[in-house]
Each structure stands twice: as structure tokens, then as C-alpha cells.
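Two complexes are shown next, each including subunit A; its partner changes from subunit B in the first to subunit C in the second.
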Partner chain A sequence: MTVRARLSVLSIYGAALVVAEFAVRLSPTPDRYPSPTGVATALVRNILSGQAPIAIEQSLSRILVAFVFAAIAGSVIGVAIGRSRWLDLAFGPIINALRSIAPIALIPLAVLWFGVTGNSAVFIVCYAAIFPIILNASEAARQVDMRLVNAARTLGADPRHIITHVVLPSVAPNTITGARIAMGFAWASIVAAELAIGVKLETGGAINAGIGQLMVSTLFLDRDVNSLVGYMIVIGLIGLLIDKGFRRLHRMRAPWEYA
Partner chain B sequence: MTAIRIDRISKTFVSSRTGEQVVALKDVDLEVSQGEFVAIVGPSGCGKSTLLSIIAGILEPTSGAAYHYDAPILGPSPDRGVLFQDYALFPWLSVRQNISFGPRARGVPSSEWQQEVDRLISVVGLSGFDTRLPHELSGGMRQRCALARMLANEPRTWLMDEPLAAVDLQTRTLLQEEILRIWGEDQPPADRPAVMFITHGIDEAVLLADRVIVLGRRPGRVKADLKIDLNRPRFEHRDLAAEGVLVQQIWDQIRDEARSAILED
Partner chain C sequence: MINDYHLLTAKLIIVYQIESQVCLKRKCMSRETRKIQRVASAVTAPIVGCAGLYAAWTAASWWLENPILLPPPNSVLTALVSIMQDELVGDILASLHHLGVGMSFGVTIGFALAVLATQNRLVERLVDPLIELLRPISGIAWIPLAIMMFGVGETVPIFLIAYVSVFPIYINTVAGIAGVDGRLINAAKVLGAPPSTIRWHVILPSALPMILAGFRLSLGVAWMTLIGAELIGGNSGLGWRAFWYEQFFAMNKNLAVILVVGVLGFLFDGIIRLLQARLLRWSPAQSGAAT
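And now, the complex of A and B:
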């Protein structure tokens, strides 16, 4: 983008913020709407108080546990059903059926099994994250370039070596793309899961509330719309940052796709 | 000594969608001796690549059998190296890792192949490029990398499927000369591999081979088998007139079929 184009985009954003600020201030109920200055000050206040960083750390650590499990299990399941017709016939339909059940629909079960704890959120996030990984890994495993497999066979590779040295490296780039989508789902569902199981945790007084729980208490106890929107912005920015990391990883793993 | 023996091989492909049958090869008999360079030419659709895949062990014949040094071919073997037209290099491996793929896959300890891989990298002129990935190389360099990868297994037989079809004319001429040099053109036949070289360039076949086998199409079968009695090393004693006569002879054999191949495609 040229400097000129950047400036015009920035001025449009700036104008929109100014309009929003005035609209909120002039409305009869300004405390029900977020204003740009209100959101900014709330954001700074919540970050400096440590409340937001602690909650984000909690949510991120839950995501990390859930995501690592989903990534490993999802890749293994994906490659297995992608390379074996038999396994695909046996488990493909079940996986596809489960895939269409929204993660939020599992919250009652999660609470029943894991209680109103962070583990319930981990379970929900794992469930949300595993399907994009399975889907991408299995599709990539199905489409492994037969020419490369044949080349490996003529070079003396046995089936096991082909799986580890041809199939897995071929599948890696698309699995990373799957993980990228999965991370988006994970981030989205942790907020949902924590929103749903969060309030009781708060009353317990423990400081292991995640960002979703913080949002619940912000809305229902503090009625602080500006902080709420501030947290949404934080969630969006962290999601963007993580996505950037995945894109970089994909580029490192499959540079030939960018040539 | 016979390196490759093809015994009445037929191959029929059945389309999984329409059930239509295509006879790619019909009762093909063929022998290639140790140290012999055999080129196979023919119009498109004559089953040249099918024949090579069967000898490579990546395709099974519908009937008949293929033998390598009298052992029936039941699958691929590192003793029958294959050079593919589209290189089939592993895009995530560097030049060096691609070349050492064979020895590593076979579980040879690295102390035994390190030096040989270094030597091959310089033989094919890729010194200084050993850490590059395939997509960072030119077409000619990719094919030289694939050649070195095949050579790292020290196969007794080279199977080459139109290896120079995708490179430009100057690169092709240079690679032709390199292939003959690495093959061991000036060595006695007992000390060099047998080569089966598929090409659609009749001039290339005459230039490189000891024998040119002409396949006909629909169904693929051996139409002619010509001995090329030109002096070696070929690039030192080029006899363009003699080459031209041979090319014309072969072209006369396939002209009509090549024309009908164009009309059908």
C-alpha cells in the first residue's frame, strides 16, 4: 500500500471512531454502549490491574493443553483414515456426524463429567479443535503424490519408511492449515465454554478465571460494557497473532508452495 | 549376460468409470544385456511408460512376466533405479537429502554413504547447491539431482522415463553427454549398468543408444529393433550423416502411427 492509501484508510477509521464517540455520548443511555475512549481507558486499566493478563494466561494455558492433544490425536486419526480405506469406512461416518454437533452442545456433558472446572473448558476446546485437523490431515493423506511414493519405493523404502518419510512430510503443510483453522475454533469456543461454566467459579473466589469468565462477571456484576468490548478486542488481537504464527510455520514447512 | 528379460507381457487398463478396456501392451518380448544402452521410441499411446513401470516393479502386467538378472520382478528394487520425467524429487528435502534418500531408506549407516553422496554431488555438477531445495533449482539441475539420487543406490540397471523431455535444448545436449559419461561409455559392458531409456526424440535415441526399439500403438507392441553401430564416445565422433540415415529409417517406421496418434488426440 502506498503512503497515500494508508493515510486514507487511517482517516476513514479515525472518522468512524469520532462518529462512534459522539453517537454514544449523545445517546440517552450512554452506559449501555461502548465508546472508543471508554474502551481504551478500560483496556489500559484492566491490563495494568493484572486482571486481563491473568485471565488470558488462564485461557491460553487451557487452550494449549487442549490444542496439543487435538493436534496429536487429530493428525494420527487423520492420516490413519486417509491412508486406510478400511478405517475410513469404519470411522469416517462417525467422525463426520460428530463434526456437525456444535461444541457448545457438549457443555452439559462436559460439566457432568468434569464439573464446573477448567477441565470442562479444555474438553470443549479439544472437541472443537480436533475436527479441522482430522479433516485436513485425512484429505492430505488421501492426496499424497503417488509419483513421490513410487519414487521412494524404487529407492528401496519399505511401507513404514514411506509413511514416516513421504506421507507425513507431504501431509504436514495441510495439517498446519487445519491447525490454523482449529486454533480459530479453539479460541472461539474457549470463550463460549468459560462463559457457560464461568460464574460459579467466580463465586468460589479462585483466581483461575479465564477470559470468558472475566467477561461474564464484567457484564453481570460490573455492568461494564467498555471493559467487555475491550476484552473482545484483546481476544481478536491474540487470535490474529496466533494465526500469524501458524502462517509463518506453514511457510517454513512448505516454502515451495510460496515460490 | 541378460539384465532385463520381458516374456510375453500384456497390460490392459480398465477404466473404473466407464469399464472401457484399453490394451496398452500386447505380447511384448524384449531382452536387454548387461552394459547395453537401449532406447525405446514410439508414438504417444504406445505403452513405453507402461513397459518401464512394469520393469520398475511399480505396475503389474496383466499377463506375462519380467525378469531382472533371471529373478522375477515382483516389486520395486533399489537395484533397478528409475529416473522420472518430472524428477519426482521430494520438495521438502535438500539436494543432499534427496540424493541420500536411497541409502538412508535402506538403512545403510551414514559413514558408508557420506563420501559417495559428496562425490555424486560433484559428478552431477551440484557442488555448492547441496543445501538448496528442489524448487530453488532450474529444470536441468533438478534432473541432475534426480540422476544422482538414483545413482546413490548403485543400481545395476537404469530405467529412464523421458528424463530430458522437460528441459531446454542446450541443457538437454549437455545432460545427454553427461549421462553417457556417467554411464561409462568408454568402459567394457561388464563394468557398466544396463540402460532402458524412453524418449520420443528419435534423434536422441540414435545419439545415445546401442539399440533402438520401436513400439507401435493400439496395442503397444515391438515393431522394430535396430542396432546402432556408431562409434563411442558418441560426442567425440559425431557422424551426423549416419545419424540422419538411422533417424530417417526409424521415422519411416512410426510416421503413419504418429500421424494417427495426433489425429486421435
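And now, the complex of A and C:
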């Protein structure tokens, strides 16, 4: 892109932002719509006050617990159904049926099981994250190069050794791709779960509030539309960072796919 | 008279019998037995799996002794029958209405933007960064803002579905149009085809696999978002109904609604896959997909 083209694009965006600013200020209900300057100041204020960082930390710690569980269980299940035809036939259809249930639809059930605490969010995230990992791991396990397995067998490797030293390493890159997709789902569904749980708490500002609960309290208590948009930007940025991180990890584990 | 031919046959029979006995001993099977076993496991394995799930579920709910925490599968099925005769049809129609209106907006916007972006450099430079900026912000994160701007009601799910379905169709359409074989376009040009013919008879058919794959992705995301949007910010539809039953602790009905959500999601995906298979029978790359 040339400098001139870049300038023209930037000036069109700048003009759009200025128009939006004035449109919001001149509208009869300026509190109902976000304005660019309002969003920027709200973002800085919420980050400096520590409110947003604490909430993000809470959400991320929940995701981490759920994700570790989903990654371990998901890769074990995935490798098992990928390596055994019988298991695939027996549990494949059930896993597919469960997969088509949106994790968000399970929020009411999770709230009954775990209460309006962070644990129900952990359950929802785990449910959302496990299926991409299972699918990718099982697909990879199905496609393990049989020549490698046979070579190891000829050299006298026992089945356990084959699983740990041949199957698992060749399954890893695909599983990382699954984990990247799973983490995207997880980040979206933790916001959803916290939103839904926060609505039920109706005092979103509780001690363990994550980013979703913070948004609920901003929505119903503060009625602050600028902060809401600020939080959305933060959510988008974190999602982007997570995605980039997993892509880099995949590149490290499977450099030959980028040659 | 016994001739050489008879002797040979007898020898062969004996050899065959010995071999088959050896085979049985070493548990290696003839092709037929293996085939029978394959078919048998294809039939029995899913039955064993489903029966196992059913038994585990029943046992767990019997052990918990609390039909609210975990209603037994039988009561979920009876609840399904009872809500089917009652309000389920209205809820499904409400959800389909949200899905239909939202997706027609989203898919039209995404497709139109993609076509414009591939035709015009300035549009591409304007739209591409915007899409990349908005894409990581999941539809769910928009729910509070949507509630604030539109109030709880139908507009929230429709807006969210329109939003989430823009991205997959945009990205896949751009990739599909960019990936059209230049030789085909040049060949059509050489043969004197006007631009509109090239557009409709060369570019559209070659990009169609990617576009349909994008539509399928859009539908999948939209269905997930629909449930969340109705649950948190709606006042009708399946997601709202699941939440409503939970408020009355009618968990068997709640699970029945979840079951319906899953089955419908599965059905939509199946319909699109059929459509893909039917429209793209000619295409070697029948399952073009981007993530």
C-alpha cells in the first residue's frame, strides 16, 4: 500500500469518527450511544482504576482451569477414538450429538449444578473447549503414518512405546490447531457464561467478577455505554492475542507446514 | 475311474481344511468372517455406546435422587412430548424468525462487501482492516451493548446474528473470488465473453464452493449465538424458553429444549451439506473450507 493510499484510508476513518462523535453529541439521547472520545476516556479510566485488569485476570484464570482440563481429557478421548475403530463407532455419534448443543444453552443447567459462582463458567468453558480438541486429535490420530508405526513395531517397540513416541508426537501439531480453535470458543463462551450468571446475580460487582460480570454491572447499574464498548475492545484484543500465541506455538511444533 | 484331476481336487480340499484350521487357531480370519465382524461391530458398537450413556445417565440421576439437578432420561423424553404438543412449535418459529431475518441481513452485507472489495481497491482497503478489527470481538460480547441500544426484545438476537454471520461469508467469498483460476478468465476473455458473462459463468461458479462453505460456517456460528442472545437479551425463542423453564426448576423441560436445539443445529448443518453436495457435484474441490 502506498503512502497516499494509506493516508486516504486513514482520513476516511478519521472523518467517520468525527462524524460519529458529533452525531452522538447532537442526538437527543447521547447517553444511549457510544462516542469515540467517550470510549477512549472510559477505557483509560477503567484500566487505570484496576477494575478491568482484575476482572480480566479472574476470567483468564477460570479459562485456564477449564482449558487444562479440556485439553487433557480432549486429547485422551481424541487419540482413543482415533486409534480404535470400535470406540469411534460406539462414541463418535454421541460426541457429535453433544457437539451440536451450543454450550451457551447449558448455562441454566450449569447454574443449577454449580450455583452462581465461577465454577459454572468453568464448566461451560470446558464444554465449549473440549470438542475442537477431540475432533482434531482424533483426526490426527487416524492419519498417523502407518509406515512409522510399522517401523517402530519392527524395531521391537511395545504398544505403549508406540503411543508415547510415535502417535503422540505426530498428533501434536493438529491438536495445537484444535486447541487454538478451542481457546477461541472458550474466550467467547466465558464472556457468555459470565454475562448470563451476572444477570442472575444482579450485583455484578461481586468479589469474583470476571469481565462478563463487570459488563453486566456496567449495563444495569452504571448504564455506561462508553465503558461497555471499551470492554468489548479489550475482549477483542485478548482474543486476538490468544489466537496469535497459539499460531506461534503451532509454528514452533510444526515448522515444516510453513516452508 | 479316479484320474489325476480328482486327486488334485482332493489334495486341494485337504490343504484348504488344514490351512483354515491353522487360521482359526491363530485367530486370523478369512475375508468373509472379517467382513461379517466389521458389519456386526458397526451395528453393535453404536448401540452399546448409546445404551451405556442411557444407563450411566439413569444411574446418575437415580443416585442423585434429585429430579431437578439431573432429571432421568425418561422424564426428559416425556417432557419433550408434552412441550411438543404445547409451546415448542411457537418457540421454534420465533427462533427461526430471528435466524432468518438476521442471517439475510448478515449474509447480504457480507457478500456485498466481499464483492465490492474484490472489485475496488479503495473499498478493500477500507473494509479489510475493519473486518479484521471486529472479527475477534465475538457476537456474545455485543449482547450488553445491544441490550442497552435496543432494549430486551427481538432486535437483540436479530442484530447479533446479522453481526456474526457477516464474517465467515465475507472472508470465504473474498478468498473464493481471489482464488479463481486466472487462465479461465483469460480464456473466456479471448473467446469474447462480456464482463457480465465472465462474472456469472466463470467467477461465480468457481467461487461457489468457498461461498457455500462460508455460508455453512455463518449458519453454525449464528445458531450458537442465537441461543445465547435469546437466553440473555431476548423475550422469545428456544434460548429464552430454556431459561424460562429453568426459572421454574422444570429441568426435564429445559433439557428437552436443549435436545431440540442440538437436533435443529445438526439438521441445518445436514441441509447445507446436502446443498453443497448437490450444487457442487461438478467441482473437484467439493469441500473448500476456511477457518
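Simple rule for what comes next: the second predicted complex is superposed on the first by the 234 of 259 C-alpha atoms of A that agree within 3 Å, B and C clash if a C-alpha of one lies under 4 Å from a C-alpha of the other, contacts with A are read in each partner's own complex, and residues count from 1 in each chain.
The criterion applied here is as follows: a contact is a pair of C-beta atoms (placed from the backbone, for glycine too) under 8 Å apart; a residue touches a chain by one contact, two chains touch by 3 or more.
Fair warning: this is a prediction, and the values are worked out from it, not measured in the lab.
Set against each other, subunit B and subunit C differ in how many residues of subunit A they touch, and the higher count belongs to C. Applying the stated contact rule after C-alpha superposition, one finds that A:Val79 touches neither subunit B nor subunit C. In the superposed pair of complexes, A:Leu106 makes contact with subunit C only, with no contact to subunit B.
In the superposed model, A:Asn150 lies in contact with subunit B only, and not with subunit C.
Applying the stated contact rule after C-alpha superposition, one finds that A:Pro169 touches subunit B and leaves subunit C untouched. By the document's definition of touching, neither partner reaches A:Leu43: not subunit B, not subunit C.
Subunit A uses no single residue to touch subunit B in one structure and subunit C in the other. Contacts from subunit A toward subunit B in the complex involve residues 145, 147-148, 150-158, 161, 165-166, 169, 172, 253-256, 259.
Taken together, the subunit B residues at the contact with subunit A in this complex read 56-58, 75-78, 80-82, 84, 86, 88, 90-92, 101-102, 105-106, 133-136, 149-150, 153.
Every residue of subunit C that touches subunit A in the complex is listed here, in rising order: 41-42, 45-46, 48-50, 52-53, 68-69, 121-122, 125-126, 129, 133-134, 136-145, 147-149, 223-224, 227-228, 231-232, 239, 242-243, 245-246, 249, 251, 254-255, 257-259, 261-263, 265-266, 269, 291. For subunit A in complex with subunit C, the touching residues are 1, 5, 8-9, 12-13, 32-34, 85-87, 89-91, 93-94, 96-98, 100-109, 111-113, 181, 187-189, 191-192, 195-196, 199, 215-216, 218-219, 223, 225, 228-229, 231-233, 235-237, 239-240, 243.
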